[in-house]
Amino acid sequence: MNYRLTVNGRAAEVDVPGGTPLSDVLRDHLHLRGTKVSCGTGRCGSCTVRLGDRAVASCLLPVALAEAEPVTTVEGLSAPDGPLHPVQEAMVSCHGVQCGACTPGMVMTLSTFLDTTADPDAGQVREALTGNLCRCTGYHTIVDAALTAAAATRTPREDRP
Amino acid sequence: MTALSEPAARAVPATGAVGRSIPRPDAEAKVRGAAVYTVDLAEAGMLHAAVLRAELSAARITRLDTSAAAGLPGVHAVVTGADAPALSGMLVVKDQTVFAIDTVRYAGEPIAAVAAETPEQAAAALAAIELELEPLDPVVDLDAAVAPDARLIHPGWADYAAPVDGFRSGNIAWDARLEKGTDEEWSAAFAAAHRVVSDEFRVPRQHQTPLEPHACVARYTTGRYTVHTSTQFPHSVRSRTAELLGIRPSAVRVLVPTVGGGFGGKLDAMLEPMACLLARRSGRPVRLVNSRAEELATAGPRENAVLRLRTAVDAEGRILAQEADVLTDNGANSSGETVICAGLPALALGSTYRIPLARYRTRVVYTNTAPTAAFRGVGGPYVVFAQESHLDHVARALGVDRRELRLRNVLRPGEAMVNGQALDDPILIEALESVERRAPWDRERPATPGKLRGKAVVPLTWLTNPGPGEASVSLSDDGTVLVTTAATEIGTGAIQTGVRQIVAERLGVHVDDVLVSTPDTDAAGFDNGAQGSRTTYGAGNAAGEAAGELREQILRTAADMLEAAETDLEIAGDVVQVAGSPGASVTLAAVSAAAMWSSGPLSATGRFVAQPPEFDAGCVIGGLFSTINATSSHAHAAEVEVDPDTGEVTVLTYVVAQDVGRAINPAMIVGQVNGAVAQGVGYALYEDLRIGPDGRVLDRNLETYRIPTALDVPPIDLEILENPLPTGPYGAKGVAEPPIVPVAAVLACAVSDAIGVTVTDLPLSPFAVLAALRANRR
Amino acid sequence: MTAPTRLARPRVEVPGSVDEAVRRLAELGPDGAALAGGTWLMRSPAPPATFVALHRIAELRGVAAGTWGALTTHAELAAAPLPPALRALRTAARTSAFPQVRNVATLGGNLNARGFAEADLVPALLALDATVEVATTAGRHRIGVEGYLRSAHGDSADPAALLVSAGASAPAGRRSGYARLTVRGGGEYALVSVAISADLDGAGVASAVRVAVGSVEARARRCPEAEAALAGTTLDEAAARAAGQAAAAVLTPRDDLLAPGWYRLEVLPAVFARAAADCLTDPATDHDTGEAP
């Protein structure tokens, strides 16, 4: 079957069975390997991408369900040679990254979360992260990054110190 | 795939690189999803491999026929034990083959591997392999395995080569003892004891669960194998793959892309030998990646253990003599570090407290289970859990305050550890005082209504892996500096920040101008791997030495150019200048160019291995680790609340004091402490890689194998203590491993305090805690 | 242990109406399955060859007063302005799983996931006495959720029966609540879940009590013994604990890798107390702390 997707603003067409996980399509067909597949069973969140305005686990999403809405992966969050998205920037400056295997998923979950929750507290950030496992950082610096990114996003760029 | 990333803005001044919390330069590629991991590699013509694994944990192979599988469409290679008969083992006992040959010794043991055009074809080929197994009785329980009538898992054990002499027999893969004091002293101590306290502790397996599973891509051309793999220790993969394939190590080239976590689980060859065999047979690049289920079932976890402690104390709770009988599970063979680390429990028992007389014995036991391996803090977390829980038992038995009991026994400067090695410059008391300042022991805070509250404090001495390593540092044509090393960045920041900051400091250049090559065993000499917190320390020392020599070369060349004395010159950022007169300078790029046709390119190689400390060699019998290198002092304190209705444990406060020697990059240290404490919380409260009575791993996914989420990690109040180590780079000691070691101990002691029962088993799941509460109520 | 990864790749059909979906499901029989969010089906070790995707069927979407289309997601339920009478459903949706799953998993999928003892919406809908609309080759009908679950999970389930929507009434004075227990702070299947619904009179005394317990047995079920224990009480903590004990006396718990059976029974009183407290949460002071979808 041919599926027409919009991924990171570009039209893409793949010929695969509709039950193929979106993660496989992204990684193996569209060469977007920033999306990681660490468990393949929906539990670790490293494969998180944005479908429309929702964060979803791409390893469990049949590609047939991804046609209706635009897909954004970590590669599409900021231009490859452009400035980082505030969440990406804060993950770097707050030391929210160690091995980085969870990082693309973390970044996608947090950027989606902050779109609807502009001024979260740490507890809300932790709740929002329950689907994203990290084995390296113990999460604290990732929570810091989310709060820092939220503050940066609320403050227009020119007003920042 | 390369770490030669273009530096970002020059936020950091040229000098004083050491001590700064610079962000890691590889973070940007990681947040963009641009970092390339082994699982991301693809090559033209690459085949997909899959492994046929034994379903039974003990069996005889009565039939194995791969001919039908080999003939299926898309299948390029099928390999079995017949293709790889050689024996190997992690440094010591050579008892492992790539595939099971005649006998299956654990569920999940490889029987055959296939490579095909697609994963689907590979799966179909596995299904077409004809295998018949005749079941044997699995030996699973540790005590049963060492019983005299136990079935031998390796009937031919005596014939296995072991380059190091040791005590082995039957199902005991290794027997290590530490004995201090004569029999007379021993009997006298027990006769004089005010109390003798005994306990038995049981701990389960803990899985490292790096988010990137084991993965590799292998190629074969004209007698050599090239393997890209997710490893912590490329030279180990090189030598072990070679030994398993029966070839010389230099025939294997190992390269390491970005690594998605290791935690000890990626120190050994695992998938690489199979991928190499398939690559050779097929003539094509071969990719092999563990599924999460394979990862949990077969990638060696922290070993389960049974610990029996018996301690004679005086009326004040001073330890007079201590006996320990420790059984640790090697699993079916010695492919992991469990045998090498057989000596560690004794050292962990006797490096924090004064143990005048000791009888410590650790037996590493074969069972029909997946082999066990290293996990951050090898040997430490469960030994310290047992020792501390046991000491709490002593304190309760004597009516002595638990903190006071520790103060009475803790080692002071000038004293020796149980192996007779002097404890250089311990600051255990300072560490205890540091946590005391922030979490006063006598502070009574009322429990939430309906909850039970408990607290604990634990001091700890821990070590830094002493292993060898070399690194080269060269000056590039543009004035940047390139470090070439096989030391591997696994996510800790030790290479990306630690080694780079050390080299920058030593040279006086911008840290942004120090680049580090990716590990390639053809390009860099031996490095002992990212283990035992050694990278900043060991690789940092080697690279620092090389940088020192390069600095001299640079100054020599610049002295000619500036017509100044070498001793008047300094490197400041990207120039060499006459100290005090900045006008007179040459750029490093110019120095590089000038050297090129005079002395030749500027470069130097440094090397390091820690010198073994003096110790009482007579007391260690069979331990392969007999001393503790580069000790550091620690204290952890915690306060917990237990819900008596459900057994749920909430960690309210967690306080850490850690002696790091010198903080090369404080933010990275915070990251290591946060991560280690989180893994320790998992070990203490949730993680339990369960093995069924038939020897099979029951936990197949991250639903039942529970690692902490963002909701489960307590806030951590850390004080970094700087107590420089003369032999460490700028005084640095190992940092990453120690903060996991006391976590289970301090949480178990706090839970015991809350519920009034000594906890003897990990994890402290709500089930275990509720069961303990109920048993106590009856 | 032989298959390294999930490799089955079913084909997907995309019908545009309920009737068409039902017809295709009938034709495919055991070789087909309705596909909603896919979070259950995509984890199946042996999925059918064909998925009949529901996402293009507009009729299955949408939340109206007291009625939710089968494709309503957990996140949508969590964010919906449900009255206090239906709080159990909101709490269940909100505390189930984690964002990535709540964003796609659906009510229809939750009620129909076979062998899923921990489905969070099920006990809530049982306690709310929900009814469901079902489409089959023989036409549409509306039945109680309890009866629906019995037939949908029974051995002779109709493979073409499609859940269209679920609904529950919310009379004034009715309150409901939900609680679930996990080992970690969240993000995992409930070890025990309890939903309570009751009509409270002016003095707060409960009648028409309905209680459902999930996760303990292989399927969530109503628990009349606990209902009797709560009737006539003010849903105070002591009454709730007694009801939990009454439930523990009649339930036959499952032992599995997530929890031992004895534990599921032992904690029932505590989880009942938490569910009762959720019932009594004052809607005025109940600040909306639900996360964003």
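A, B and C are the chain letters, set down in written order, and residue numbers restart from 1 in every chain.
As a convention for this text, a residue touches a chain if its C-beta (ideal position, glycine included) is under 8 Å from a C-beta of that chain, and two chains touch if they have at least 3 such contacts.
Being a predicted model, the structure only gives us computed values, none of them experimental.
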> How would one label the connectivity among the chains shown: line, ring, star, complete, or other?
Replying inline: complete
> Quick check: more C-beta contact pairs in A-C or A-B?
Replying inline: A-B
> From the C-alpha centre of chain B to that of chain C, how far is it in Å?
Replying inline: 43
>> Report the inter-centroid distance (CA atoms only) between chain A and chain B in whole Å.
In response: 30
>> Quick check on chain A: which residues sit in contact with 2+ other chains?
In response: 40-41, 126-127, 130
> In chain B, what residues contact two or more other chains?
Replying inline: 291, 703, 708-709, 711
> chain C: which residues touch two or more other chains?
Replying inline: 5, 185-187
> Which of the residues in chain B end up touching chain A in this complex?
Replying inline: 21, 23-24, 26-37, 39-40, 208-213, 258-263, 291-292, 490-493, 667-668, 670-671, 674-679, 701-703, 707-711, 713, 715-716
>> For a test of understanding, state which residues of chain B touch chain C in their complex under the given definition.
In response: 50-55, 107-108, 119-120, 122-123, 126-127, 289-291, 293-294, 297, 643, 645-647, 686, 690, 698-699, 703-704, 706, 708-709, 711-712, 765-767, 770, 774
> So in the complex, which bits of chain C are touching chain A?
Replying inline: 5-6, 8-12, 14, 35, 37-39, 42-43, 47, 51, 53, 55, 75, 97-101, 103-104, 185-187, 289, 291-293
>> Quick check on the complex: what are the chain C residues that touch chain B?
In response: 1-5, 7, 181, 183-189, 257-260, 263, 266-267, 269-271
> Which bits of chain A are touching chain C when the two form their complex?
Replying inline: 1, 16-21, 40-42, 45, 48, 53-57, 59-62, 64-65, 68, 109, 113, 115-117, 124, 126-128, 130-131
